[in-house]
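The letters A, B, C and D name the chains in turn, as written, and every chain counts its residues from 1.
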Amino acid sequence: MTTPGPDALLSMYAGMVRVRTFEERVRELFAAGRIPGFLHTSVGQEAIAAGTAAALRPDDYVLSTHRGHGHLVAKGGSLRGLMAELYGKANGICHGKGGTMHIADASVGYLGANGVLASGCVVAPGIGLSIKQRRSGQVVLTFFGDGAANRGPFHEGVNMAAIWALPVVFFCENNRWASTTASALSAAGGSIAARAAGYAIPGETIDGNDVLAVHAAVSRAAERARRGDGPSLIEARTIRWVGHFEGDAQAYRSKEEVAEGRRTDPIARLGRLLEARGLLDAAGAERIRTAVAAEIDDAVTHAEASPLPDPREALTDLFAYYPWRE
Amino acid sequence: MTTPGPDALLSMYAGMVRVRTFEERVRELFAAGRIPGFLHTSVGQEAIAAGTAAALRPDDYVLSTHRGHGHLVAKGGSLRGLMAELYGKANGICHGKGGTMHIADASVGYLGANGVLASGCVVAPGIGLSIKQRRSGQVVLTFFGDGAANRGPFHEGVNMAAIWALPVVFFCENNRWASTTASALSAAGGSIAARAAGYAIPGETIDGNDVLAVHAAVSRAAERARRGDGPSLIEARTIRWVGHFEGDAQAYRSKEEVAEGRRTDPIARLGRLLEARGLLDAAGAERIRTAVAAEIDDAVTHAEASPLPDPREALTDLFAYYPWRE
Amino acid sequence: MRLDFGDALNLALREEMRRDPRVYCIGEDIVLGVPFGVTKGLSDEFGPERVLNAPISEAAIVGSALGAAMTGLVPVVDMHFADFVTCAMDEVANQIAKSRYMFGGQIDCPLVLRMPYGIGRSGGGHHSNSVEAWFLNVPGLKLCIPSTPADARGLLKTAIRDPDPVLLFEHRGLYRLGGEVPEAETLVPLGVADVKRPGRDVTVIATARMVHESLEAARRLAEEGIEVEVVDPRSLVPLDRATLAGSVRRTNHVVIAEEGPMRGSTGAWLAWVVMEDCFDDLDAPIARVAGPNIPIPFSPPLEAFATPKADDVVGAVRQVLK
Amino acid sequence: MRLDFGDALNLALREEMRRDPRVYCIGEDIVLGVPFGVTKGLSDEFGPERVLNAPISEAAIVGSALGAAMTGLVPVVDMHFADFVTCAMDEVANQIAKSRYMFGGQIDCPLVLRMPYGIGRSGGGHHSNSVEAWFLNVPGLKLCIPSTPADARGLLKTAIRDPDPVLLFEHRGLYRLGGEVPEAETLVPLGVADVKRPGRDVTVIATARMVHESLEAARRLAEEGIEVEVVDPRSLVPLDRATLAGSVRRTNHVVIAEEGPMRGSTGAWLAWVVMEDCFDDLDAPIARVAGPNIPIPFSPPLEAFATPKADDVVGAVRQVLK
């Protein structure tokens, strides 16, 4: 496993900035009524999106969640296509049919956000089967939350991937909360990673706000998967800085938790390391922020200028083949 | 926890003989075309039925499986009611509506065989909730097989029972096979009990052909549950002597496995111990067999003599209250 | 008193939990009542033992309700979104619906599944579905679908007191709809339809949100002198066939309006019921208003296309009258 | 050649697996083909990579099929018993049916779910159900329901080659039914109904086992000079409305026969379709034959009561003709 060099570190930094800026912009747009739907953003959890993407190959697959914008941004999805989709525009990557919770971008192996928790855990083994059969050497990484880990598909998917030694990485983003419900009160034993032992697969808990730890853990798991040694389970501890969804009053948690999140800001943390290594200075960081802001401005401008779909487009895309009139 | 005295030992012995004789008789009756349905018997697994029942209180609850006759016989269900149900007779315990895979006998806390694997794992926590709310000091034990352990409800039920410290005993009968599929090839890690650690609850593997080991493990788990310390997971290794269902050609396993089962016959094993302790001799064993045979003869005679239900009885028992004509 | 639909449900829960200590609520995020507020404040009054924030384990939430109901409690499950009943489909269709029957009536199963459902606010394909039609085809379940705050409160109270499993379909677009609710504890019986507006020309049989779209359509058509009778079945199982038939025999014209997709839906079943009871009373073919046969799309204009509205009811009424 | 229904399905699987290396089978106990023998011998020819004995994990079996289908394989899932689709309902209704649509057509989902279903041999409440009606109300799925060995083979082959998800409902009571199957590889297209017996007096629209009960009824009625036309839709989505309507326009009398419970069922949907297309062609109300609204009981006389038979079709035909 190669430890990331200067370029890799800088691109992970830029990747986190891109995710953060994208999500913050989306929140503003939602507040301004430009974006519809039930919106869940990943502000504070950027190290996970950037670290996993950096450890994966471009042709590897990712299955995501209801909180998936960052995963797609980091995987290299088109910001224009993504933003236009969030707006529900005709040229959105899903023609406006998916929206925030159901976006996919097959061109970068991102096979879907998902409105149903833990669904990726059972879809992933099938992608693993096809990778194995095609001998493509790819890997599939499926994200799920600490709350989703309590659903049956987690168990069935991990077990299936384990017995067939499928190239799957099960990645749990533990941000302490499932909406208003504390993970500590809903996941028996308090550790998702500890469940790996029951299937005789590797399970580790990492600091999800340390992009290097995320990169290292996913690199290990991906190499193992490519070797044909089967799946791994990674639990990354992190903190969501914002509401579960936009509009969440957050009566269930203390301000202190968010403050803790800001203290452990994954972007600032890598920034300090890059400075220490002389790879980044204030001006350089500013350049990155400016460049990213420009990309996102472009995506917003594009989305704003794009047309809404014709209502009758609702009837398209259901079947690949359906010549019948009913 | 009290170790079983002479009477308890003898009644466990008689219990195993009763289950074995009942199941063997049912197989004959099925072969003779007297009993309809998809029949799964527990020949060889009697130590589990008898050992668990002996460790539970009469008012404790049991949730069973498609292979549940023995569990009900051991829990003290009416042999007449059970046999008549297997025959599909009007006076069967379920009026002929349930049959082999869906029998219940609420009078002894047996809340159902089940045709859907692992279902009991999610029903049990609710019984645990009601026990807790009623402060009745009862326990609920739910049986499931090694194959069923791979279904999602196992995970959801164990986790829920664990976080709420519910009085549930999860009892896995590992007879090595799920129909034609080897447990070793379908349960990652090879140990169901090992999965308990992931939920921070006790999990132990026992010799399911040693009725004393079963009794001891269930007694420990039940005491823990009654203390309010929550659920336990027990995996009992055993061997099914017969086909998965009546008519199973068993092409998937060697004759040697069945021979091994007979060598480790739980009844003979306890019989030797009872003889060694001078509690049972050949004549005594014969008396037990004769008495049990008489009970079962009575149940069969009763079932044979009982009427089939009137076809229109199919319309009853659906709702407790449904005065409407539609 | 005036209450909105969500608060009327909250009142019903409070009243029934006060009346019967066996009643408890279970679901995800119900202590704070997220997202719809129906269970808000219940845990302050009744405590955490009776208002259980469950882990995200739909099969265990629903399956445990069966276990509790069989052994002396009365669970009221909040499905969060009815879309997720798919995650507990076996527990509903094979366990809850069948246990009493398969066990020859040995056990009762007094439980309620509250099913927040329906389209709106770009919820998208996983948070917008009408799934009640599936359960019509599952014998052993009773199904209610209120359209007003008074009916919501009255049906939920009846459902909680019913010894059998009842699914209550609550359209999430109605939660903030206001309406008059009796001061006195008033139960609405199952199997009794309600004529929401009398009229002599056409019978519109509508459920939940479509009752309001149909009333709007009736108001518009009244201006042209077309008198529409809007009949709300309120419960689908049992179904008040007599009231439906009575109306059809007077109007001789029928429109059936629902939100879910057209194919294999509740409306198709209701159309059959009308055919069976009133074939000779029909002066024209029945017209149906329902959603197109697509998942619910995200983008507002697409979602609007997938959402049956008053206009559609107006069009259907004109069709059956021409 | 003469083959039984199960062997015809086995042949279709062999032919398609030989033709297309992307096709694989997954399910419980399919290597030995327990309990119905449909997949027997496939692993000898195609090896364990393409005939996967899965753990008892319905959600993972069905969910993994979606993952494989999205990334280049063509899974054929054996549900073991269709009753257990409840254990993977989210994967079918929310994931498989909707992914292509929600993703704006970016992915194809070529997979088949083989659904052994139906009543018989005292299988009881958990192994006897007709569940196809649920999926009519789930846009995004194609549904087939063959009644003969030739149709079974032809429809399964077509389903495997179809780029969209197809559910194939195989009545378990038909597996050992023999019939003529073409030597040549013959596909049966979706959306094309088949007139199993021509007749001028009554159209009986029937599916799967009820096709045979209806043919038996037709033979009996022919002795009285009543000529029954038996029409088998073969696929429910897409549905060949033209053939159904064409028959009804000739006979002006309709009976619809299915095995599942009456309420909210496939037959209610088909009745609506006939009403919509042929209201003015009907000389009498449609009559329906279906199961009672109960779970399937175990005891033979009770199970028989729950099983629609030729007698019921005969009765229904007399009713529409009187």
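To be clear about the criterion, contacts are C-beta pairs under 8 Å (C-beta built on N, C-alpha and C of every residue); 3 or more make two chains touch, one makes a residue touch a chain.
No experiment lies behind these values; they were computed from the predicted model shown.
Participant: By mean C-alpha position, what chain is farthest away from chain B?
Facilitator: With centres defined by C-alpha atoms, farthest from chain B sits A.
Participant: Between chain A and chain D, what's the gap in Å when you average each chain's C-alpha atoms?
Facilitator: The mean C-alpha positions of chain A and chain D differ by 40 Å.
Participant: Need the CA-centroid distance for the pair chain A / chain C, whole Å please.
Facilitator: 36
Participant: Round to the nearest whole Å and give the separation of the Cα centres of chain C and chain D.
Facilitator: For chain C versus chain D, the centre distance works out to 30 Å.
Participant: Could you list the positions in chain A whose residues touch two or more of the other chains?
Facilitator: Residues 92, 94, 96-98, 102, 114-116, 150-153, 156, 159, 163, 185-187, 318, 326 of chain A each touch two or more of the other chains.
Participant: For chain C, which residues are shared contacts with two or more other chains?
Facilitator: 54-55, 57-59, 83-84, 86-87, 90, 94, 98, 101-102, 124-126, 139-140, 292-295, 297-298
Participant: Testing understanding: with touching defined as stated, what is the shape of the graph linking the protein chains, line, ring, star, complete or other?
Facilitator: Topology of touching chains reads as complete, every chain touching all others.
Participant: If you look only at chain C, which of its residues touch chain A in the complex?
Facilitator: 28-29, 31-32, 34-35, 53-59, 83-84, 86-87, 121-127, 292-295, 297-302, 304-306
Participant: For chain B, which residues are in contact with chain A within the complex?
Facilitator: 150-156, 158-159, 162-163, 185-191, 194-201
Participant: Considering the complex alone, what residue numbers of chain A touch chain C?
Facilitator: 36-38, 88-89, 92, 94, 96-102, 114-118, 147-148, 150-152, 178-181, 185-187, 244-245, 248, 251-252, 308-315, 318, 326
Participant: With touch defined as at the start, can you tell me which chain C residues reach chain B in the complex?
Facilitator: Within the complex, chain C contacts chain B at residues 24, 49, 52, 54-55, 57-60, 62-73, 75, 90-91, 94-95, 98-109, 139-140, 142, 162-164, 191, 238-239, 241.
Participant: Spell out the residues on chain D that touch chain C in their complex, using ranges where they run on.
Facilitator: 83-84, 86-87, 89-90, 93-94, 97-98, 101-102, 124-126, 131, 133-137, 139-140, 237, 260-261, 263-266, 268-269, 271-272, 275-276, 279-280, 285-286, 288, 292-295, 297-298
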